[in-house]
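Paired with subunit B in one complex and with subunit C in the other, subunit A is shared by the two complexes that follow.
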Partner chain A sequence: MKHRLQFTAKKLVRMALLLLGVSLTAFLLMDASPLDPLQTNIGQAALGSMSPEQIARLEDYWGVNAPAAERYLGWLGDALRGDFGVSLLYRRPVPEVIGQRLSNSFWLLLTAWVLSGGLGLGLGLLAGAFRGRGPDKMIRGCCLVVSSTPAFWLALLLLMVFSVWLKVLPVGLSVPAGAAADSVTLAQRLRHALLPGLTLSVAGAAGIALHTREKVVDVLDSDYVLFARARGEGHILRRHVLRNVALPAITLQFASISEIIGGSVLVEKVFSYPGLGQAAVSAGLGGDMPLLMGITVATAFLVFGGNLAADLLYGIVDPRIRRGAAAG
Partner chain B sequence: MTPILSVDKLSITFTRYSRGLSREEMPSVRELSLTVEPGQVAAVVGESGAGKSLLAHGILHLLPRNAAMSGNILYDGMPLTADRARVLRGREIALIPQGVTYLDPMMRVGEQIRRGRGDEASRARCRAVLSRYGLAAEVEGRYPFELSGGMARRVLIACAVMDNPRLIIADEPTPGLDARSAARILSHFRELAEQGAGVLFITHDLELACTVAHKIVVFRSGQTVEEAASSAFQTGEGLTHPYSRALWRALPKNDFL
Partner chain C sequence: MNRRRSTLILLVLACALLLAVTLAGGLLADGAASADFTRKNLPPCFAFPFGTDWMGRDMLKRTLAGLSLSIRIGALTAALSGAVALALGAASAAFGGWVDALISWIIDLVMGIPHILLIILISIACGRGLWGVTAGVALSHWTSLARLVRGEVLQLCRTPYFRMAQRLGVSRKRLFCSHLLPHLLPQLLIGLMLQFPHAILHEASVTFLGFGLSSERPAIGNILEESMAYLAAGRWWLALLPGLSLVGVVMIFALAGERLRLLLAPASAQE
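Up next is the complex of A and B:
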């Protein structure tokens, strides 16, 4: 019990440090950005026609003149009290913007996460079982090509094939353009989420498949598989390989959360999908400090939650941890 | 009587690709010959790295992928091809592997011994073999990491005798066991042999081999240097090769020579 508490306490301290580090990095990057928020958001022409007082007020609103340290500490103090500020671009509280965007992205991210994990694991097992032979070479070849292709380029390719040439799927957005919110059907939403989801899944699956394959090969070369063969056991894949690939598969699956979220930023941009990723891009380019910081913290939280879930699952799946904890 | 196992001029070679993609052939076992009769314990004695484990795995056609094997292996008078070996493994031929790494770390001991079979007969048999080697029934529910080195070794031996094999290939089965457990296991090998099985007992310990084996094959750098009845190693007479004479002189009881 003491051991579990210590473990949890350590994790929490690490999470706090991680969030601090991530928010500071995001802030510094944004501060170093050469984009002037006034010029990007209001435009050169509009600014030219404004009085100096108006401009001063706008500069105040976008926080251009305050020293960096003061702005960061101010944000940090507010955030610690639970106040994440108001988005400068959307003029609504940051948690509200994030909540709405996340609910758009949620199914996209979840589908991509589940599909990439399942597909990657399946292909990796298949390639490993056939190592050195045709199916292995084919799967490995495809995965290498896909994983060395940038996700946004893959997105453009799919867009070209399915939306421009075949015209079977929409070019972008999460709902049909101009449709009233309550008239949108689930089928329409799915159709719009299909291409971005597919892009993210394929990109994620390639890496998982390659890693899984290596693990499968290691297990097949292990002493215990040799002994299982020596005893005439059948179903080696199911009995020994799956069991021993389970732990690394869990690690890969939860580590891929960060890649899926990272990938979604560019993919949502390509498909004009109004999700969290797209909001992150707008916030970054538009100098919307509170929103960008909010998104950074929220995604870091998701990633951290994923790692924590992986650790907890480890405790259930791995007998060495499970039984060790029961004894101590 | 036809030997249960006869190995004739067995060679095992590893192919390695070294710098510049040049292929390098590394012979690890060279023209090795030996026979095991039914009812006989034949010991193979060799130092570490002599190729003893390779010999054991080679007989079962379970060599690593980069190894090539040549020579003749006869089982019960007929060639032991890869296909035939696949059928016989775990039925008539049993391997007792060298270490704990041969147990699946993620699977309970009982399930491994029973090979996943859950019927009552297998369960009873599993309990019987465990108790034969002084292991409590409770061990069935443990994972390999919860076993001591000696317990794991006894589990490996229990795996091999789950079904009544006609040929047992034991790869260094006794290190890590106390003298009593080791003696019990060796006497069990004699028992199995008396019931008609052939036992190929692989060890680096000549003294131990003398106590249990009918016949001893001395093996060095992948080659047979001497094949003699174990009585020859009692008296030292009839040993022709200098290496086996040196081994014999190194036996504790011959200290004074």
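Up next is the complex of A and C:
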């Protein structure tokens, strides 16, 4: 037990250092940008008609003049106290913006994550079990097509078929346009999240299925499966394959968090879904440093959290690792 | 037909396609931008297989120009990220100690930020545009390949022939160039082939979001971004055909890379 705690503590320290690195990287990259936040957001014409005092006030607001090190340390000091600054575009505290956007995206991301993992694992097992035969060829072909398809184009395609052509699903947004916030029903929300969720799940499942298939094939080729077959054992898929595929499956499942978030940026843009991804795009285009920093750190936190969860799950799933950690 | 031959055919086909599209795109760059309002919004027909857009531009020419741009950027970024992966992976394995720890930490860091977000950040740092997206894709795709190179170098360093050369006092440069590189090259080439489709897809995605190539360039990302405004008007060809050709190109390269991997890996070459 003590070792488990030590292991977890070590991982947590590493995660904190990585988060620090992520924030510094994001800051340096945004700071290196030659794009002038004033020109991007206010425009050359408007700037030309302003007095020097006004421009100076705006420069202060967008933080143009302070030296980089001072700004980063200031940001870090505030962030450690839980103050992530105020979004320049939305004029509200960054955690509030992120929280609201994330609450829009959360169920979308979660369903896509669970569905893509389950679908990928199932299809991968099926393809591996039928290696070289019809179902395998079909699944592999479909996965290859889907993984060669940009997520946003898949989204466009679904939008064309279901919203424009068949007219059965709404074109975009997370709620009906013009409806008051409290009159929106759960069914309406679901209807709006259906297509984005479907796109993300399908796009995520392809990669997971292909990787799972490889693992299943490896296991089926192993000596212990050959031996089990020679002894005339039944249920090889359940007894041997599923257990040995569990570890890589956990890795894939938790590694896909990053993919799902990345994909949601694109898919949310196509569906005008007011989620975290869309906020990241507008923050990037508008030079909203505090918000983009906040979003980067928040997504990195989710990704590292996923890695940590996978590391801890290994120990629970695999007795060898559990004992290994206890002995070492 | 055995697999060796079909792989070869696929590779030749992929290279020919690469060349043809690149050349056609380069030659058609002028035609792709010319607007003609007498023929705007035509659905696909014999004269314009991909239709025309609201400015009467020939979508086939624009698509080819966009694909050519994508392939060129894809090749450039794959080469760049391959070089970064080789340098960092080899350095990590060769020096060990704190260098190894630092490089592993950087790899974890880069992998911790979702690709799209990282490319957006790097692209902003370079002021968007062609160089922004090139740097972004190149600097975010090297991590898995670097890990592969690191593992491979570690393994090679333990082989008897390498140790023998070391004991005989062969210089570090020579050790790397004549003993490590020949073994790494096939791995690296396959890694690049497999990375190429990802690079193209990410370039299109980032351009689609508005952080890549500027909107007057006929990139696939831009073409699809523009098509969004006309979807509700029922102009399906603006989005369907350019996207489909992108998927086709990406798929051919993904397939060729995958086949090459199976062929060059000794364990599966005879399957």
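Keep in mind that, in the parts below, the second predicted complex is superposed on the first by the 316 of 328 C-alpha atoms of A that agree within 3 Å, B and C clash if a C-alpha of one lies under 4 Å from a C-alpha of the other, contacts with A are read in each partner's own complex, and residues count from 1 in each chain.
The rule is simple: a contact is a pair of C-beta atoms (placed from the backbone, for glycine too) under 8 Å apart; a residue touches a chain by one contact, two chains touch by 3 or more.
Model, not experiment: these values are computed from the prediction.
Trainee: Considering only the touch criterion stated at the top, classify A:226 as touching first (subunit B), second (subunit C), both, or neither.
Mentor: In the superposition, A:226 contacts subunit B only.
Trainee: Could you tell me if A:239 is touching subunit B, subunit C, both of them or neither one (first, second, both, neither)?
Mentor: first
Trainee: Look at A:68 in the shared chain and tell me whether it touches subunit B only, subunit C only, both, or neither; answer first, second, both or neither.
Mentor: Neither: A:68 stays clear of subunit B and subunit C.
Trainee: Just to be sure I read the superposition right, which of the two partners does A:151 touch: subunit B = first, subunit C = second, or both, or neither?
Mentor: It touches subunit C, and subunit B stays clear.
Trainee: Which partner does A:9 contact after superposing on A: first (subunit B), second (subunit C), both, neither?
Mentor: neither
Trainee: Quick check on the superposed pair: does A:110 touch subunit B, subunit C, both, or neither? Answer first, second, both or neither.
Mentor: In the superposition, A:110 contacts neither subunit B nor subunit C.
Trainee: Looking at the overlay, does A:316 come into contact with subunit B only (first), subunit C only (second), both, or neither?
Mentor: neither
Trainee: Looking at subunit A, does subunit B or subunit C touch a larger number of its residues?
Mentor: Here the partner covering more residues of subunit A is C.
Trainee: Contact residues on subunit A for subunit B in the complex?
Mentor: Within the complex, subunit A contacts subunit B at residues 132, 221-224, 226-233, 235, 239-240, 243-244, 246, 318-320, 323.
Trainee: Which of the residues in subunit A come into contact with subunit C in the complex?
Mentor: Residue list for subunit A touching subunit C: 14, 17-18, 21-22, 25-26, 28-30, 32-35, 144-145, 147-153, 156-157, 159-160, 164-165, 171, 258-259, 261-263, 265-266, 269-270, 280-281, 284-285, 287, 292, 295-296, 299-300, 303-304, 307.
Trainee: In the complex of these two chains, what residues of subunit C are touching subunit A?
Mentor: Residues in contact with subunit A: 105, 108-109, 111-117, 120-122, 124-128, 197, 201, 204-205, 208-211, 224, 227-228, 231-232, 234, 236, 239-240, 243, 246-247, 250-251, 254-255.
Trainee: Enumerate the contact residues on subunit B facing subunit A in the complex.
Mentor: Counting only subunit B, the residues touching subunit A are 57, 60, 62, 64-65, 86-91, 94-95, 97, 99, 101-107, 115-116, 143, 145-146, 156, 159.
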